[in-house]
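Quick heads-up: structures coming right below.
Below are two complexes that have subunit A in common, paired first with subunit B and then with subunit C.
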Partner chain A sequence: MNLELIRASIPEIIDGLGFTLLMWLPGSALALALGLLVAILRHYGGPALDRGLQALLGVLRGTPFLVQIFLLYYGGPFIGWDFDAPTAGLLGLSVYGAAYFAEIIRGGLAAVPRGHVEAAACVGMTRAQTLRRVLLPEMALLILPSTINMLIVLMKETAVLSIITVPELTAVITGIGSLHFAYAEAAFMLAVCYWGLTEATGLLGRGLERRLQRFRLA
Partner chain B sequence: MTAPAIRLSGVCKNYGTHRAIDGVDLVVQPGEVACLIGPSGSGKSTLLRCMAFLEEHDDGLIEIAGDPLGFAPGENGRIRLPDREIARVRRSIGMVFQQFNLWPHRTALGNVSEALRFVLRLLRPAAERRAMAYLDRVGLADRAGHYPSQLSGGQQQRVAIARALALEPRIMLFDEPTSSLDPELTGEVLGVMRGLAADGMTMVIVTHEIGFAAHVAQHVVFLEQGRIALEGSASAVFRRPWNPRLARFLETYLDRGASMLIAPEQSDGA
Partner chain C sequence: MTWAVLSLLLAGAGVTAAISVVSVIGGLLLGIAICGASLARSRALRGCAAVYVSFFRGVPLLVQLLLLYHALPRLGLDLPGIAAAVLGLTLCTAAYQAETLRGGFVNVPAGLIEAGRIVGMTARQIMLRVRAPIALRLTLPAVVNEAILILKASSLVSVVGVADLTRTAQNIASSNYRPIETFAAAGALYLLLNIVVGGAGAGLGRMVGRGR
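== the complex of A and B ==
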């Protein structure tokens, strides 16, 4: 293995890593916000809206991210969505993630004991207050493990954005690999980078769970 | 004459085709402690939950201190009152649940002060001062900073009582408040409730603690199949269980030391 090549590539890899983070972190934040919105709409919006959103989520979760991002980037211009690659990537990742987060959050809301909501009603809290001060915080605690998991999935899905020419980690490193015919080195560097990010996220998640343990009953 | 604390007239509640509450008329006077007893499925919890408007009654009228709760009689049947009015009437009621239902992400103090801050709109220092006073009243001032997960079941239930009391309701409703507690922890919760009764709080209690009911309640209501099978003063109901169904129900408590309650030769000394 050509360690000299790996060393020489570090500045480029850092640039790629930066782009990966730029796609992943804002993309995840948007996905969470959008997923939350969809879950709340499903929770309060009545059966018709619920079914409509459920069908939409079914399509998003039933097709590969690769296909979605292809459609958005190469198909988008036909209906006037002429995004540059990073914008399309960020948008695509947000919508894809939102479909999963919506489901995770819906499950979390459903898992908050009904009695906690009844207790809020009995002390005179409005529906909006109950949502903000009881349902959402309790839901957030419940979904923490699956949220961390989903963040890791989204992080790895950013690799797909290389095919629409977003200069993120995978694009940069496979580029280096092709240029120097060093495919093994490239694959190795990629694995190390993604694994490092995954470990860091998992560590953060476990730390957070430990800190929040006392907020949990049983 | 002042209005009764609670008046139910012809209250019905259905679940699908099952009639859980079947035309209940009940009056609870201010300062009175009323206990609802009866076998499982007799509708006692459902009836209490109707009084808190956690279940919406399908027929009949519920009045809290003279104000209709949830529905008022209209020209063509009843009309549903606006949410704001429901919330206003509900403010007279404090509710305590079998499962405590404390919010796990808030401390004991947070649980008690929450509604003071966000419903009564007190500033945080004032809300916390008042919350502390009520935690002190249930003997838990030293646990104010603890989260529910760090409290015993009995302590959690006492925090839940403080949370309801802090809003200064006229009526406290208790839904099997000791049924999820060890016998050892039951005593501390019943002690707090006994103190409330002594202070003249109007209380409606669904309970299996027949001994407690016999000693604290002025008014005992025996429900069966969604109807009031028998009601009266504690001594009338327990000392002279002439109703065979009540006698059978009370017999199940015999081996728990309640035999003295239903022995007919027992004198009526308090």
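== the complex of A and C ==
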């Protein structure tokens, strides 16, 4: 692929990058919210609900993301879920990510020292207050490294969405490549783009970890 | 779901299992080499290992597979799809396994290494009899976890034309127009394979833990 071709395709590539970010950031936010909800339900919901949700998470984490989005995108219309590719992609990414975030958050909640929860009860906090002022903030700090790691995983999973025709970075660049019979160059360019994105995310994440270090309780 | 369809899916699951097993074992061997490089005294070797790990962990597997599939023929290496798929999975999992192994080696208690030195072991003996066995035992759970991830990630080789479980399910779904049953069955087979891997890993863990 010559430089001229790259220069001519820059607008398309930026559109693709926009779509990748549009899948990744809202998808991750939804996944985090859904995962938090599941983790809290498991924490407070009693053993039956806990076991049910655990089984569901096991299925989501034991099957490939690709099979899940095939099921959603090609199977959905048969049960009235007629989503277009980006919606199905966003939904699939959120549910897939939620299964992992739920586990990360459950681990974080379990790692908050019991003494802190007891102390909150001693000073008369209600259960909701304890959750909001003790459990959630302490948990958030504990899970920061695994959350950043999961964000990077989800960023890479967005590439899979090109298979169900979401016009994100991978779809756009491989499209340009096959238009000009420059498959290898396109794949190379993709690798460089994603490498830059994941390295930048990792760098930002480590910076954030350092900044939040001072809130860490001994 | 007829028997004919099920037997096709089972054949696909066989391909998936074979690709994954070969890649995980190949990745472990390559991972050991990369881990060795990352713990080496030479700065150049450490740098190469760091770049390798960063690249293969930072680029989506799908892109790595596309790169191999399209770039290798350009270099005059015309691999069949399945070989390119196994190579791609191996290169990728090696980066992850190298990192977990490095973690294992770093966490071998210093006291045990000193004890080895005091009883007069050579550096080589300490490596073979103290550091390597303990590091492997420490990293076994992470390696089993990696095997499960690779089993799932192997679904991406369907994109470069390998008739694995996912590709087989896709072919069936596009001819019988029953994507729900077909992909759900494929998902169930993946789940089953993962349960087998998890069980084997737990058994291996008990075996390795016996000599503690």
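As a convention for this text, the second predicted complex is superposed on the first by the 216 of 218 C-alpha atoms of A that agree within 3 Å, B and C clash if a C-alpha of one lies under 4 Å from a C-alpha of the other, contacts with A are read in each partner's own complex, and residues count from 1 in each chain.
To be clear about the criterion, a residue touches a chain if its C-beta (ideal position, glycine included) is under 8 Å from a C-beta of that chain, and two chains touch if they have at least 3 such contacts.
The structure presented is a predicted model; accordingly, all values stated were derived computationally and were not measured.
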Classify the contacts of A:199 with the two partner chains as first (subunit B alone), second (subunit C alone), both, or neither.
second
Of subunit B and subunit C, which one touches more residues of subunit A?
C
Once the shared chain is lined up, is A:119 touching subunit B (first), subunit C (second), both, or neither of them?
first
State whether A:87 touches subunit B only (first), subunit C only (second), both chains, or neither.
neither
After superposition on the shared chain, which partner residues are touched by A:64: those of subunit B (first), subunit C (second), both, or neither?
second
With the two complexes superposed on chain A, say which partner A:138 touches: subunit B (first), subunit C (second), both, or neither.
first
Can A:174 be said to touch subunit B (first), subunit C (second), both, or neither?
second
Which of subunit B and subunit C A:54 touches, first, second, both or neither
neither
Within the complex, which stretch of subunit A touches subunit C?
58-59, 62-68, 70-71, 74-75, 78-79, 152, 156-160, 162-163, 170, 174, 177, 183-184, 186-188, 190-191, 194-195, 198-199, 202
For subunit A, which residues are in contact with subunit B within the complex?
113, 115-116, 118-126, 129, 133-134, 137-138, 141, 213-218
Footprint of subunit A on subunit C - complex, ascending
54-55, 57-64, 66-67, 69-71, 74, 148, 152-156, 158-159, 166, 169-170, 173, 179-180, 183-184, 186-187, 190-191, 194-195
Which residues of subunit B touch subunit A once you look at their complex with the stated criterion?
52, 54, 87, 90-91, 93-95, 97, 99, 101-105, 114-115, 118-119, 147-150, 160, 163-164, 167
